[in-house]
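Pasting the structures here.
Look for chain A in each of the two complexes below; its partner is chain B in the first and chain C in the second.
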Partner chain A sequence: MRTQLFKNNKNKVWIVLFLLPVGLLITAFFVYPIVFLIILSFMEWNGIQPMSFVGLRNFTDIFANSVFQTSIKNNLIWAFSAAFLQIPLALLLALVLTRAPRGWRFFRTAYFLPNVISLVALAMMWSALYNPEFGLVNYLLEVVGLGHLGRNWLGEINTALPALIFSYQIYVGYFMVIILAGTLSIPKEFYEAAVIDGASVLQQEIYITLPAIRGIVVTAGTLAVAFALRQFETTFLMTAGGPANQTPVLGLFMYRRMAGLQYGRAAATGVLLIVLGIVVLSGLQRVFGKSDAVADSQQ
Partner chain B sequence: MDTNTVIKDSLNETPFAIVVVANLLKWVLLIGYLSIALFPMLWLGVSSFKTNFEIETSPFALPAVWQFQNYVSAISVSGLHQFFFNSIIVAAIATSFNLLVTSMGSFVIAREKFAMRKTLFTIITAGVLIPIVSFMVPYYTLITRLGIYDTLLALIITYAAINIPISTFLISSFMTSIPKELEDSAEIDGCSFVQRYWNIIMPLSRPGLVTAGTFSFIYCWNEFIYALLLTSSRSARTVQLAIRFFTSQFRTDYAGMFAAIVLTMIPTIAVYIFFHDKIISGLTAGAVKG
Partner chain C sequence: MSTKRSIVFFVVVALLFASTSLFAGGRAETTGEIVLTWPSIWVGQDSKADVMEEIVAEFNEMHAGSIRVIVEPQPDYDGYEDTIRTRLAAGQAPDIFTFKLSPTTAAYYGGNLLMDFSAELAQGWGDNFNQGNLQASTIGGATKSLPYEIGFTPIWYNQDIFNEAGIDRFPETMDEFWEAADKLKAIGVVPTSQMTGGTNSWTSMLWYTHFLGSFGGPDVWERGFDDPAFEQAAAVLKRLYQDGNTTRDAIGADAGVSGGHYQAGRTAMFINGAWYIGNIRDNSPEVYRATQLAPAPKAGNYHGHQVGWLHTNLAAAHTNDPARREAVIKFMQHLTSPENARRVSLAAGSLLAVEFEIPADVELDPLQQQFIQAGNEAEFLIDHMEASMPVDVVYELGQAIGAMVLQDLSPAEFVDMLRAAQ
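And then the complex of A and B:
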């Protein structure tokens, strides 16, 4: 009993010591920023002079700003495209690869590859692809006889945002890998039994696969929407919010407020970005059910 | 395997035309998406070996002569080697620091029993869902107050911290799976707390550490927003920031610019080639962990 107590005491010191570095960094880079952001969103501050309390003025000011309104609309379009473009495509690819066509491992590896390359390098690449003079996109249209459709994709009001969102579809492989993990873990006996009962492939997918992976698809969707909402680099580097302020997102709006030394408004935008994430993601969970990974990580 | 033959049997019962059409659609989808995901990069890679004239006139053809000197001029025009050095320093130190700190924390969370254990794990890993981009103002003021603005140290600390949630998740779930008996017998042999961590649990956790390290390295190499925000001078410039200057440095020398972009992609592609199993298993662990 005495040795037990002694041992515990000795470990207590070590436990605290081992948790100290993580605790310090989490406090400095996650807890403090949230607290600071919330406080600062009610202040006026240019980074030099002392802060002054302005109540809700930062929020009313940015809501009245037309670029902010466009930004929040664009953020929702990005989130929508993640949930209803990226995820269905990822699901479709995962369902096909689950049935192990020839070379499925190669396809899985290849589809994921764009995710390890920087957004900056890929943004430069897409800018070159969309280039009106030598870009591949216009050239391809010409080759198939649709040359009249060729245009300055990133420079025209109607095509800039769709062109950005199209370029983002190369990241589908990330979500496909997650969904594939779910489909590959379904016991094979389920399918064998279904085949004996005379179920077609389509029926197998609808009655066995989809119900089994519902949770994991919601997980993938949660991540896809979360990533799309915090999207910044693609827009910043490919259009910088243009043409005519049609493509900005909240991240870019915040960056510009910061560059203009309007730290209070930048902080208010940051708070709204976090709130928007919570609202959209909990809305998704309400409609489509609980996600697996989030539930797991909160055990 | 089994599923395959079973599925083929079931296909045999459906009309032949449907089987053909379904198969065709399957391959159209697989190859169609392959061309969206990979063809642009392939085009970039091939173009980086062309002359500028070839890039503008025949974007589809292979280069008549492979222009390896594009790569030589890419380095001399952009000064990329200097920024490569910075990026390697940042990625290597931030990843090592991150692994040390999170493995210590994960060891305690996974192997010790104390009251706030689960709460702590939840708080740390919840950081994965926070949009880090919204922390622009707090990180900027924190780094300037620490007096390390415009240094590589600023990026090292920030990147190491940002990766704590994902690393903790990967490493602690791996450490939890190590059988308790190994530690018990080591303790009877007189192993101290630190020895248990360093000599017993750390070597056994290598696969988890490698997975977390891979994710961290790729993140650090590719990070752009905070490199943009927390540094300003050439001496602290990373590769991703350097890419931004390519358009003004290379002007109309697209071949040289493409070669420079390809060079910046090589480290993470190499890591992916060596560790893609780790990356895929890491994502899978996050998704289907029971």
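And then the complex of A and C:
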């Protein structure tokens, strides 16, 4: 059918016409910026005066920067936490809600709700919760007699990054909804047959649900890792990379270079962020197989 | 319909559809009216918001049908700087805007993005300005931004709390300062507001600059990080973060937290500029009435100085259109007229680079009066770090303070961090 569609010249014209607007948009807003970014990464430019070619100097400069090295490490920690903390949490919630416990619709909405609230508002809320003087976290610790554990969560070296990552788990609902769509589409007959065969709930989840939604879970994982790799807002708003340069990420490092009118170094950081994303996501695909749920269904 | 007709029809529809976006945000200049856009931070809760709105409205009324200034509200100060930087890099300077002149932003003077006001200033307009400020805004003979607001940041202290702690006057030496800090802690008040957050660690940057001036004198920035004053001032700053001399949330705190502690009476000392008068007067009248100003205690060889610099400069996009240029100049002259400068200063408490007389019957805000007096009595003025160092160093300050306090780095290592960011 696909071959016939392309054999017809009249159809070819229409296909080209329909693809043209999107093709132009992708060229203008994706291909061109990336090409420009790559070119810029070899230039020195302050945004005002003409650019000058500096070869690989931007890359060597940023690799020598200890904040850049910390940023790469933190980006990988964020990606790791997305894959091995956020997705398992989302999976667990989806599996529970699929069993339709009392009030499951409410919980589904409640878990998803943070995704429609401004990220800035949530960051401010978390900053307030973590505040060492008036924050709810330290207050609750005092109430339960653990006041000695209270601290400046975002202002201490050992707690700042974990506190940031913990706050980000509030977005688990997004991935839960994706996985839930998969679990709800599994035919009930599978479970009925399993019950007749005497399978426990745990066995049903392990031998029916998980294999059926494997592709969707990997897709959700890929998305979660991609979001984590481009992490910027939460870090920028809650710690700005501090304290003592413990929490920067590549997005923030890039932003700082732009603020210093070092657009060449910012572009070099952007190029490396893209490379890091390709490497990590390719690695995920290699480890977990095809992430495409559609591809799974075609197998 | 044939294929060719279909293609033509499709292309025409697509072009019409696309063209709508070109006109959607366009400016209504069809009647010959020149519209100038001004992305402004002086909106919303800013102390200059109301008076600026009046000044712009008056200008628009005076030039109805020929010039109209449209203010684009940008209440987020840090976001505003990002916006301006991005627009300049894209070659799209706003018609009118403001920025902080620093070693980094001085790059804006390069190229042909900003309007050069020097010709008009030379025709008498320049006499309205403080000549030192005007000179500081002139680079290579071009005055591509107009000095407007002056930053001047003495130490604020709460006299009521000092009285309660048994401190009869603001400390003049560091020994007296630490003694006073102990007395304040004894009555349960945290001595100082500090912060490492925001883009510049504002309050702590100013404390650091005060002590830097005391150790290194007026030319300390020119001598650079090899001067021992940088380490000596860092040692004082480190102690300010230790032993309960500041709040628990100081590491990571922003200006709102730092100012909030002072306004709530939780801290006894704080630093900010005159623009903060309106805020504290409205939100914390008791603390406002108890506030007194002082120079920093003598930590090194110098004393009696103040931190003062050009805080905000006005700028405009370069244009080859003489009518548009004339419109911009008219608005700038209106905004920087002595009369309007006086209105802004009296309404917001700001100190301006535009010179004006205050009529005898006008009663100045007492705190603003103190600011003027402190300025007159200052032994010398020293620029703060943001006005003296590249933005990368300013960003690094908060991280370096955090490292010095949390990782117990030495003052020398603190300075090394700043040096590495340079």
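Here, the second predicted complex is superposed on the first by the 266 of 299 C-alpha atoms of A that agree within 3 Å, B and C clash if a C-alpha of one lies under 4 Å from a C-alpha of the other, contacts with A are read in each partner's own complex, and residues count from 1 in each chain.
In this text, contacts are C-beta pairs under 8 Å (C-beta built on N, C-alpha and C of every residue); 3 or more make two chains touch, one makes a residue touch a chain.
If you're wondering where the values come from, they're calculated on a predicted model, not measured in any experiment.
In this overlay on chain A, chain B clashes with chain C. In the superposition on chain A, A:Glu133 contacts both chain B and chain C.
Once the two complexes are laid over each other on the shared chain, residue contacts for A:Gln69 go to neither chain B nor chain C.
Residue contacts after overlaying the shared chain place A:Ser282 against neither chain B nor chain C.
After overlaying the two complexes on the shared chain, residue contacts for A:Leu154 are found with chain C alone; chain B is out of touch.
Once the two complexes are laid over each other on the shared chain, residue contacts for A:Phe232 go to chain B alone; chain C is not touched. When chain A is checked against chain B and against chain C, the one touching more of its residues turns out to be B.
Touch criterion not met for A:Ser52: it reaches neither chain B nor chain C. Of the two partner chains, chain B is the only one that A:Ala266 touches; chain C does not reach it. Legend: residue contacts after superposition of the two complexes on their common chain; A:Ala244 is shown touching chain C, with no touch to chain B. Legend: residue contacts after superposition of the two complexes on their common chain; A:Ile274 is shown touching chain B, with no touch to chain C. Overlap of the chain B and chain C interfaces on chain A comprises residues 10, 21, 47, 133, 258, 263.
Listed in rising order, the residues of chain C touching chain A in the complex are 3, 7, 10, 14, 81-82, 85-86, 88-89, 104, 107-108, 110-111, 113, 196-199, 247-253, 390-392, 395, 398-400, 402-403, 406-407.
Residue ranges of chain B in contact with chain A, taken from their complex: 1-4, 6-7, 9-11, 13-14, 22, 26-27, 29-30, 33-34, 36-38, 40-41, 43-44, 55-56, 59-60, 100-102, 104-105, 107-108, 112, 114, 118, 120, 122-142, 157-158, 160-162, 164-165, 168-169, 193-194, 197, 218, 221-222, 224-225, 240, 243-244, 246-247, 254, 257-258, 261, 264-265, 268-269, 271-272, 276, 279-280, 283-284, 286-290. Considering their complex, residues 10, 13, 17, 21, 46-49, 131-133, 152, 154-157, 160, 239-245, 256, 258-263 of chain A touch chain C.
Within the complex, the chain A residues that touch chain B are 10-12, 14-15, 18-19, 21-23, 25-26, 28-30, 32-34, 36-37, 40, 47, 89, 92-93, 96-97, 99-101, 107-114, 116-122, 124-126, 128-129, 133-136, 139, 143, 169-170, 172-174, 177-178, 181-182, 185, 188, 191-192, 195, 198-201, 204, 216, 219-220, 226, 229-230, 232-233, 237, 251, 254-255, 258, 263, 266-267, 269-271, 273-274, 277, 281, 292-294, 296-299.
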